[in-house]
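I have a structure here, written as structure tokens, and I will follow up with some questions on it.
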């Protein structure tokens, strides 16, 4: 398992290639990338992600530990950035690997659902003179109820 | 949308990097890789995948078209190999991209479920002097009922 | 009616060939299967349990009760194991 | 009891600082919030609707009824929006 919280961009291709490399017991590998969208009106210029150093790593570790307990996983990777990003930039990725696809899919969805609502990150969007904190969605909180 | 059926290995990192590249309207990108497992006893030496040229492409196209109808997807990629492979080799990949993660996850699972049981591929495993066709699993057929 | 018949995986191995062209008056897949089974032991063995088989007509999955009218290519194979 | 109090996102912006050290006799998070609200208007505004807020005690998510006994770091922030 690897948990990374960093400001600088990460190399998705390199991370995905290295993940679970050489393992011949894992038949299913899933990656999820979260990417900055230009926004529904397309006028978002940049986004700044604030986080809570210390708690962020602790929260992500706890979520990943729980995924490893619930599913039969060969490996788990979580990378999440903070700081300034622009439309099209990669915000974060998770990767899961398991013998069969069901565990890898469920664990990846679990990681994303919890990471969205339980890891201390806050997004602020900037457009022209204006800026606004992204509001949490009820559907993201509701998504946790299935686990 | 891109559907590829080929004998030679594919470059996962390059495919994943090119997929949905430059799109600023898609916040979620998922990849699934299917990898040859060494088998539960670890003695599988190689696997040969037979397919039905013509029908394979048609079946994959139909599955991908259906995913594009059911979910709000920005792009879909399916690559599936046939021929001889060894433990650790990549058999196939799918990728999905959507505005939000729910569509990308559901579509990726749908593609995998249908591709498993409705695309004309058959696996034969070789170990020492022996060989055996991989039997379809009831759980793979059952997985279709949720869609 | 001339039909191209294709066999895959263990069906191909049991029958001993990947494809053949046959002339038949069979109106349905089931009738075609009966005709094939009557030919030779290896066909009878391959088609002994059709619940273990799948059929595609002109490269679309179908079923054993389907009509062969207008069909040019029939394929028999076990349940798929892709992915 | 000395506590390190941290504020994030719009809570930080409304209160105007990222962290502060305070001395308090509050036994629960709710009591601490009441104490802060009584201090100045900007605190009253930030804590006007605690259903819109989350609290972490020593970097673990908690709730407003939780005891502060043994706690060293309290953080207030809106619901998270990671991923």
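Letters A, B, C and D mark the chains in the order given here, with residues in each chain numbered from 1 onward.
Note that in this section contacts are C-beta pairs under 8 Å (C-beta built on N, C-alpha and C of every residue); 3 or more make two chains touch, one makes a residue touch a chain.
This structure is a prediction, so every number in the text was calculated from the model and none was measured.
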Message = Starting from the defined contact criterion, work out which chains touch chain B and chain C both, please.
response = none
Key: Whole-Å gap between the CA centroids of chain C and chain D   = 72
Mean-CA-position distance for chain D and chain B (Å) = 48
Message = I'd like the Å distance between the centres of chain A and chain D, where a centre is the mean of that chain's Cα atoms.
response = 26
Key: Residues of chain A engaged with two or more neighbouring chains   = 34, 101, 112
Ask   = What are the residues of chain C that contact at least two other chains?
value = 83
Remark   = Full set of chain pairs in contact is A-B, A-D, B-C
In the complex with chain C, residue positions of chain B that touch it = 34, 49-52, 54-55, 58-59, 80, 91-92, 112, 115-124, 133-136, 141
Task = Write out the stretch or stretches of chain A touching chain B in their complex.
result = 12-14, 16-17, 22-38, 42, 87-88, 99, 101, 104-105, 108-109, 112
Inquiry  = Applying the document's contact rule, which stretches of chain C touch chain B when the two form their complex?
reply    = 6, 8-10, 12, 56, 59-61, 75, 77-83
